[in-house]
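Worksheet: one structure, shown below.
Read from first to last, the chains carry the letters A, B, C and D; within each, the first residue is number 1.
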């Protein structure tokens, strides 16, 4: 709010769209109460309005997006289903979502936006169904209000969008953000100071841990994860493009050192391969436990027994483990699931080991924030008692395991024995960070910058995470503390280090015109220095090559990480660099770079949440997302559970409350969970502020205090009166402030990326 | 022949003609309880009221002890004296009350003449009853002071049970009552201890009897009435 | 030190309660047991261990939600009723404008709490002493911002020279009044000008604040009339006694008191 | 009930005759007394807040090895010294009596924890890791070729029995080491909060 308030003082308009009137909403110029899970429909209406009224930035759309590229003739959307749908697997074959390719295997470009095959036309047709009136009927936001939002946002350029889990915890999670991206690309708000789409991410190092790929389907630096059919690195490159070769080899060098050689395919076979048919995402892992597949679970700094949707599944899964290993500061609910009130402790045969973890200020290391700033901090205190940093725990554990395998000649044990693992007797965080920063493998010296890494021949350099290359190349840049901001744009380039290559605003090439000069003189980020023939500026230039001018193909690319080099209004399936003639040796051809795919559609389409009080007005037959993965077995109907529940955090507590519920000061200012209901609903069920209410879903019920408020209003959906109930979810049975867990109620149903729909399910409520 | 106002059957007691019974045991008890309690309350109360007196509170074990004493003695101050109006032989208490509220012309004349008396000269006023005008005023100050200091004290003690506006007013009322009573007490003590003319009255509050001479000279109306009653019985 | 001021701009406050926590952290105050009272409010009043807390008022008018959040703490009045009421000179005012309680002197009489128009000071039942916001006087005297101001992330709290900040507050008011016509400054003149000065989005009564806070009449009457006049009265009585004794002495009454009384009675 | 300011001034005028009995009201103004700052003599450590991903700077004041105060880092461009309520409360984690300070073990079926040594804790986990890894080792997947319909065998080098949740709550170096640890021992099932 600090920066929002400041922007407001400088004349910015603040728009808040939320299922309830929040503290943030109280500072907004415009507030709209939305039915949870219907963002795409009102955003679609805004896209439609922009297109119909030509409010888009024409130059930007033409030059910096794929608006002109021609979409495959096979692409279709019928009755809510995109072409290529397989009802049996509930998955799409994405071939038809491609471009029409020319003989050079490059996409064909239309002459004008009006071309019927152009991305732009597809977009226009797609969203022509999204009128303000339809959006009102579905979302509950009055049509006039949506128009007001659209007008305000289109006028106030550059405009930025801040979002958090309210947008992503839906079965249409990715598509909601894609809708933002389309709006911002149309308005020319990406790559500019004051523009962009900003994820207000939740965890202290969620950016870093995503970069480090604590995710089953990626490797550090966003490298695609090898699948079972990738017998060799070449197979992997066929799937994923040659772009990743250098980075994967550098990673294998960091992991296996001199044991990763060209001869042994850089140890590619050491990597465990995933089965793409198996969904190994967070929520699904508990099914693997319940089915007896996973026997040993490590749980570091997370509290799934409180945080998982339909959390009864978590308890069932944990009880089937041989061993649960927990590392945390406090004795969180997950660590003591075996003594949750109501469970039969003696029947639970899971052995539990709990490691006392050191806290953030008790250890050296870096955290990466939402702006990709890698920030170093020194340990200020010794760990409390016998607590140890997780770095030491993992290090000690690995060394012990390696000892257990010492002397084994079994092929399966080779990765353990061959791994490069040398961070000292007592592991040093700096040494690990240096591994991320990257070495010249020949000399054993740190590579100074990411440019040096990129210049090095394949196999000559190592880095544990290529996007972090150079972070300690010239000293520990993450520890820099110069807070000067000469540009006045909040870049702070001498404060810590932003990946990649200390670029603060990504895609900043799009802030320049075709001559490479800043479009907005007040917000100059980078420019082409004609005299010196180089991209320069207040920010690091996000260009392919700093010496390639705006008149070169490389210098034109505003979105260099996309295979088209431009922003993608339509997320086409496309691999750049496919050779015109197939390789002479008969092997499959290798392209350069694939476009990022949204497996639930190339353009956002509105689908109702899995549990919804109504059917989809756009296509009643395909009401919910056709590719959502519904895990919960108990699904509620609106006749029995007529109200929409949306869940969220509170400012006073954090996540599953494992830390904050053990801080008395925070328990004092937010002592208990609650249910926020409208005065209408309160009157209907006969409760008043402060009364206890029982909220129930098909999966469970809990009793909490009611907050009866005008901040939630009844609204109409398809002409039917509807109510939203809001509940925070940060409580569990343990800690200094125990309380019922809202995730007893929520539904486990996932978007294709594995994000559960915490934000919308059906419930009933009565006085307790 | 002593005059006994207490015992209806005087024949049973030997009467000393040189003294007259002015205050019964009950009256004396309530006076002294009231007086001692007042001084304790004044002393401890001043400790709370003013930094000037705070060091003195060390004598009773500190200011918090003084506050406790203040409250404890306040109960004695109110309850014991109050009870005297109802237990034992309360007739004289009620007569005293009746008498002080019956402020006559003679009382007024006494009061007007009193300043002269006060400074050792001679004032002229008609014969006075058992309580002269000055005593009546002293009594009235005591009565009203006690009532107000009690009521305001209760409000202060149980401040949370009363609206803040009332509590705020209780402080000046309590303080004002104290000031009036203290001023009256100073005069009262002077008259009974240091004022040569009034000084003999002190005996009446100690053993109950005043000299017939004093009674005749200062409270002639009363003396005459008592004598009549005596003679008629 | 010159007069300081904390500007509490409720138009920027988001009710996050960080000020509450920072206050407790700096002043080493323990947490207390609470529950939700109304909206997101969990603390009803000041306590000896809660010197600042957040109040929440929801006012829904003409389909518009006014979600009013206000940080409550001692106002540090220029004309402080508590200071005036204090019986033991335990409360004093610094040049910088802070009203502080000296706990070595406080005897727990409670006059401060009852006379404060905002009911700020609260007694610790264990040691019978009164506690309230110190304004982080030791931070301020050492050129640091008060803990609450330091931590306020939406920028609703600002600390500085009173003359400067007051001007800024008025400028801000003009801006805020464009969207909130009822907005007003509270504390410029009230109680002689308070050190914690508010920009409120609605009338003070809506926030549960007195519209026109003053030193209670009872207190003025007590401290400025009754006590001095009473002092004169008691002193006068004492003086009269002294003169009386002297007069009697001069008249030789003590030597012949019996005769005098006889004479007198005869007169 | 209350008097206006003007009334107050008028009434104040009456107080000039205050009598020196100690009852008079003495308007005290504190003499500039030295306010000692508890931070004196402490060392400042900048750190990063451990709640959301904003990455606000914290400043820790450490005196004789003890954390005595924690506040926002005024030099930090993101938060300029400010902290939310959660960040403001982080001092209390340092010495919380509720922290786990020793490794502990809950035996199968037991209803209580027992403290164990680090050595024993790590040994137990390492042995269990080896046991589960060896028992659940998957050498190859069988995949049906979509074009030919033929079932082919592909080496996968994977343990099916171990999963690792973590973590967005630890430092990059730790996250990375967890990532590396999992893949080196053969488990791809490393997930964390970013997913949800």
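As a working rule, a residue touches a chain if its C-beta (ideal position, glycine included) is under 8 Å from a C-beta of that chain, and two chains touch if they have at least 3 such contacts.
Since the model is a prediction, treat every value here as computed from it, not as a measurement.
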item	value
Contact-richer chain pair [B-C vs A-D]	A-D
Chain occupying the middle, per Cα centroid	D
Mean-CA-position distance for chain C and chain B (Å)	40
Distance between the centres, which are taken as Cα means, of chain D and chain A, whole angstrom	22
Distance between chain centroids, defined by C-alpha means - chain C, chain D (Å)	37
Length of the line joining the C-alpha centres of chain A and chain C, rounded to whole Å	51
Contacts with two or more other chains, residues of chain C listed in rising order	16-17, 20-21, 25, 89, 153, 155, 216, 218, 221, 227, 230-231, 234
Residues within chain D bordering two or more other chains	1, 21, 23, 79, 82, 84-85, 88-89, 92
Residues of chain A whose C-beta touches two or more other chains	2, 651-652, 664-666, 669
Chain C residues within the chain D interface of the complex	1, 16-18, 20-22, 25-26, 79, 83-84, 89, 91-95, 100, 117, 137-139, 141-142, 144-145, 147, 150-153, 155, 189, 192, 212-218, 220-221, 223-225, 227-232, 234-235
Residues of chain D defined as touching chain A within the complex	45-55, 57-58, 60, 62, 65, 67, 75-80, 82, 84-86, 88-90, 92-96, 98-111, 113, 116, 118, 121-130, 132, 135-137, 139, 141, 143, 154-181, 183-196
Chain C residues within the chain A interface of the complex	11-12, 14-17, 20-21, 24-25, 30-40, 42-43, 54, 58, 60, 65-67, 69, 153-155, 175, 179
Touching residues (chain side chain A, partner chain C) in the complex	1-2, 4-6, 9, 21, 23-27, 29, 31, 650-652, 664-672, 674, 689-690, 705, 707, 709-711
Chain D residues within the chain C interface of the complex	1-5, 7-8, 11-12, 14-21, 23-30, 32, 34-38, 69-72, 74, 79, 81-85, 87-89, 91-92
